[in-house]
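Here come two complexes built around chain A, the first alongside chain B, the second alongside chain C.
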Partner chain A sequence: MGRYIIRRLIQAGPVLLGATFFIFATVFALPGDPVAALAGDKRQDPNIVAIIREQYHLDDPLLVQYWYYISGIVFHGDFGKTFAGVPVTQLLAGKLQVTLNLALVALTMEAIIGVLLGLWAALRRGRATDTAILASTLLLISIPTLVSGFVLQLWLGVWLKRVTGTEFFPISGATQGLKSYLLPGFVLAGVSIAYLTRLTRTSLVETLRSDYIRTATAKGLSRRRVIGRHGLRNALIPMVTYLGADLGSLMGGAVITETIFNLPGIGFQLYTGVYLREQPVVVGIVTILVLVYIVANLVVDLMYAVLDPRIRYE
Partner chain B sequence: MRVTKGAQIVAGTALLAVAVAACGGGSGTSTGNSGTSADTPVRMELGEPQNLLVPSNTTESEGAEALAAIFEPLVNYDENKQAVEAAADSIKSDDNKVWTIKIKSGYTWHNGEPLIAQNYVDAWNFAANQENAQGAGYFFGRIDGYADLNPGEGKKPATTQMKGLKAVDNSTLQVTLTAPFSQFKTMLGYTAFYPLPKAAFGADGKVTNEYGEKPIGQGLFKLDKPYKKGTDQSIDLTVYDKYPGKKPSGWTKLQFKLYNSSETAYNDLQADNIDIHDSLPASAIASAKTALGDRYEDQPDAGIGYIGFPLKYNDQYKDVKMREAISMAIDRKTIAETVFSGTRAPADDFINPAIAGYRQGACTACSYNPGKAKEQYAAANGPKTLELGYNADGGHKEWIEAVANNLRANLGVEVTVKPFEKFASILDDLDQKKYKGMFRMGWAIDYPSAENYLTPIFSTGAIKTGSNYAGYTNPQFDATVAKGDQAPTAEEGLKFYQQADDILIKDLPYIPVYFYRNNSGSSTKVKNVKINLLNQVEWADVEKA
Partner chain C sequence: MRKTSLDTLPAEGGLGDEPLLAVDNLHVEFATRAGVVRAVNGVSYSLRPGETLAVLGESGSGKSVTAQAIMGILDVPPARIPKGEIRFRGTDLLKLSDEARTQVRGQRIAMIFQDALSALNPVFTVGWQISEMFRIHRGMSRRDATAKAVELMDRVRIPAAKQRVNDYPHQFSGGMRQRIMIAMSIALDPEVLIADEPTTALDVTVQAQIMELLAELQRESNMGMILITHDLGVVADVADKISVMYGGRIVENAPVHDIYQSPAHPYTKGLLESIPRVDLKGQDLYAIKGLPPNLLDMPTGCAFHPRCPYRQDNCVTDSPPLYEINARRGSACHYWREVLDGDQG
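Moving on, here comes the complex of A and B:
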């Protein structure tokens, strides 16, 4: 088990290195001049452009630039700087926390609401409740985050505050603890909640038809135990797989939600990083995302063993 | 069972992370509505400053707005758009070449040191030196000795001082220009000309990063804590006790809240979560007028938008009659009111209404006249196809498409609209003479003088060093502007600038399409919010409602 985890983590090394190079090269290949992008509608003094280009090694070939980047990390623990002179580590430390909070709030909501709704629908299969849940998830899937974000912000942020005089859901910023994340978390999780509900329902419906469920019922176990212990647990594997993979996409896909709710997370930073061609920022963020995917996948694989005793890792 | 236990720990850790993260979010400062009204800050929307808060490296509006609260400029601008002394006691010159600036007594830095003339010398020498790669370095280009600090690419300057800059005594600064410039006083209100205290410089003579995070100024507000760019969601300030000028009454704290989206900030304004929003999004203008009522403000902004021609290498656009025809075919009013929802005004001069020297209707070819346009275009034998380029990253697509439709409908020509991904890509292609079509162009002033709409964009010298992307050159224009620069007073200079403006209107190297407007709103909690020529709030006048 321990060995298995170590082996998986060692395998992650080359993946990370490959990812950094790939992203570095992609940003390098973007057209336009990163220094000129800083200037807006004005022409910059060519001397100053030359000096900035030299400072950031922008005139060197791709491999040389990449070497500066990697050797900075390996030998000096220096992850590079933005064009404004802010170290990338300092920049990302705070932002990563915000995005991680947002993604975890979203994931928690997704897991709780998705599983409960799915369970409810599966148990009422074919009845009005089931149809209503399926219809509402369809609605949820078809509303883009951009729309749901602004609409909920206006209803629950602006109007509700105006009517009640109390701020239940902050419109913007991440300064009010968990409260700040509830609305954006829900908006971010929206589509995933719908998918997870449907996945849970289908998976559970299928499991409940199995022979061992009939056996369990025939043994005289309580309905609660049959569904909880024998049904849900066996139905969980595809749901856990989905949730694990979703953590990464929630973090990576948070750019719209973060912008609408003005959360200072990595999503918007990634966007500006790409726009300004700030390689250290883009590579830093993407590497973190790759790491999140790797760890989340590992956790998912380990969860399999918990859920299904037949699975063992050596 | 070994396996299961290990996995349980992993799963537990993951859950713990959820809990920790949820708690972690609470550590930030609370912006709840608690506390008395004097303690509650006046809160204003701001975009994230592009750079650290160093005046000489701040050439964009957001950083400039923050710095304007912290620093006192040498001059401010009054209601007649004229420069009036602020931190300066007097600014005088006999020949417009050697300027003597007396500094008012009573100003101190936020660390207690007195403000002295040497602070200006140090700041300006640092800003102008090419080694320091400061974005606003070019502002000092008119000062004698600038060339010594900017010997060119790959060369090191031999000195660190401009010879035209001298602190005669603690309160007297003497500035010698390379050539007379009547508008010099007007320039001095801009961010780049703020002084810097001794504490700003490190052992190597450069402005330190620590200073950029917590600038010490000599203005109305001082920073409460360092601003960590990229991490902090607000910039918090308190009125500086020893500030000698007018202070706001009834409140002492100011907070800039940083937003990525002006729509979100507008929602916060409606919910009274912020008090001032000075860049309302076009999407909100219609509703803002009714939702905010008299708390909505609409005033001229000094920016201007053009359609440009690559005159220097494409003879296709050589005929001025044809350029006039294109100009008359553009329905500026509809573009300003419909496409931009009133956040723009139709342009009718090369000089913006926010600035002294603007003459309403000066540009006759700027009025919409489709009939005459078609006739004149045919007579000038204009090309059957036109190309119109714009940068796709700045919200220009809609109005460029509208212009293209105007030209198609009114001139009966084919128009191809070409998106470039960034403004810089258009400039690159123009530099390399690769792009032959018309292009979208814009200008935001550096200092509020009519001259700033002329020299940097249309003078022959600006082809190499400025923003003359059209490659327009007219010796008569250059000479008229030079006469304005050498005029004994700013007012007399203005007459020459208006003559130069007339030459532009006749030659039409660019077509002025729209003037920017500044659309701002305030909450129910504040009143008397005034925004000045530089688009900055006059804080001393703001009152709590």
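Moving on, here comes the complex of A and C:
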């Protein structure tokens, strides 16, 4: 098991290197001049422009620039600076926390709502409840975050506050603790809730058809125990896989949600970074996201071995 | 005082003339997209303590469905039991509440399934699965229940039971897995054990061992056993009597020796003749011609008539009742006398 984990972590190296280079090159290829954009409409002093270009190696070829960036990280632990001179690590420290909070709130909502709805649909298979749940998940999948975000902001944030006089769901910023994350968390989780609901339903329906479920019934166990203990335990395996892999998607998907709800997370920062063509910021954020994916996938694979005794890693 | 549902549970003890288990005119049908499938059409059989009844028939004959109806593990719907009784110690199980039925299931009537690999839960240890019977039904602690599980594994002769109690089903061989299935089913000393093709998935040598084990366990506990099989070879040594099923009906009932000596139904006769025999080596093996009936579109009259060498005109129109040959034998064939005499049409 230990050797397996080490091997997987070593494999992560080339993946990270490839991902960073790809993103670095993509930002490099973006049109427009980042330094010119710094000053907006004002005229710039050519000397200062030259100094900035020199300092950030903007006139060097792509590979040389990339080498400066990577060697800075590897040899000096330096993840680069923004054009305003702030180290990227410092810039992202607090923002990562915001995005992580948002993703975890979304993941929790997804797990609870998705599993419960899926379970409900599976147990009412073929009846009205099942059809209603399946139809609403389809609806949920079809609505883009861009729409659901603004609509819920208006309904639950603005109108509900106006009608009741109390603010249940803040619509902007991350200043009110968990409460600030409820609405954006739900918006972010929306599509995932729908997928997990469907996955849970299918997985459980499949499991409940198994021979060992018939055995459990023949043992004289209650229906609750047959489904809850013998069924759910087996149905859990694909569900855990999806949830684990989804943590990465949620953090990546936070870009739109954070922008709508004005949350100071890395998604919002990524948007700004791309806009300003700040390579170190963009690459730094994407690297973090890739890392989250890799670790989440590793944890999922390790969970397999715990959930399914037939799987062993060597 | 109002009776609770549990009060109607059949009591243990002396039976008098009443059989331990009696299936009476049982009908089971399934609603499918293609129409109603009548899987069981008026099956009756009975079982006494210590007795072994073999139910013989090919796939789709209704033998397993009857067993599942006795256990109460049919999926309802699509299954439906429009007619019939299943009396356990005189109480009709079909009239019991779900709760009372659950008390019978597994504790007083237990079942062994065909493929132990898929019938055992892959994610729990075998010890956990056996001991669950004691934890749930007897309220034992985890430790006591596990000790009981080891005891049972010893009893079904699994080597090094104590070391293997925490292994998972996939870590056992096919024969050992079936032993675990058996250990689980006899955990609470059931009065009736239903074995649904318990040896079909096993090697021939292992088959014999499992049948021997079942026979031995039965002798020790005097339980009644229903052995469902399509293999006449398995039946001869262990069964007391045989019911042969075809197209959802019983076509022949007889003590085991009578049936081997002189079958009274053309289908039984065909089955016996299709067993390979050493003294007929080199000759073509006999096969019953034609295919099993389509349950959606049963032949008129006797369901076996399209395949029957004894067929007469009235077989196509009149469904034969189960004719009584003597007190212990019956045959659902208009021409059972001719079949008994071996005089082919």
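Simple rule for what comes next: the second predicted complex is superposed on the first by the 309 of 314 C-alpha atoms of A that agree within 3 Å, B and C clash if a C-alpha of one lies under 4 Å from a C-alpha of the other, contacts with A are read in each partner's own complex, and residues count from 1 in each chain.
Quick note on the criterion: contacts are C-beta pairs under 8 Å (C-beta built on N, C-alpha and C of every residue); 3 or more make two chains touch, one makes a residue touch a chain.
These numbers were taken from a predicted model, which means no experiment stands behind them.
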Fit or clash between chain C and chain B when superposed on chain A: fit
Chain B versus chain C as contact partner of A:Arg310, first or second or both or neither: second
Touching partner for A:Arg233 - first (chain B), second (chain C), both, neither: second
Chain B versus chain C as contact partner of A:Leu221, first or second or both or neither: second
Degrees between the directions from chain A toward chain B and toward chain C, using C-alpha centres, nearest 10: 160
Which superposed partner A:Ser210 touches (first chain B, second chain C, both, neither): second
Partner chain(s) touched by A:Pro31 [first = chain B, second = chain C, both, neither]: first
Contacts of A:Asp59 with chain B and chain C, given as first, second, both or neither: neither
Nearest-approach distance, in Å, of chain C Cα atoms to those of chain B in the combined model: 9
Shared chain A contacts, counted only where both chain B and chain C touch the same residue: 309
Of chain A, residues touching chain B in the complex: 1-2, 5, 31-33, 36-48, 50-52, 55, 82, 84-86, 90-91, 93-95, 97-98, 100-101, 104-105, 107-108, 150, 153-154, 157-158, 161-162, 167, 170-178, 180-181, 258-262, 264, 268-269, 275, 299, 302-303, 305-306, 309, 312-313
Sites on chain A touched by chain C in the complex: 210-212, 214-222, 225, 230, 233-234, 307-310
Touching residues (chain side chain C, partner chain A) in the complex: 71, 73, 102-107, 110-111, 113, 115, 118-125, 132-133, 136-137, 168, 170, 181, 184
Interfacial residue positions of chain B with respect to chain A in the complex: 2-4, 6-8, 10-11, 14, 17-18, 21-33, 50-52, 59-60, 130-131, 133-135, 137-138, 150, 152-154, 209, 212, 228-233, 257-261, 263-265, 267-268, 270-271, 273, 393, 421-425, 427-428, 441-444, 465-467, 469
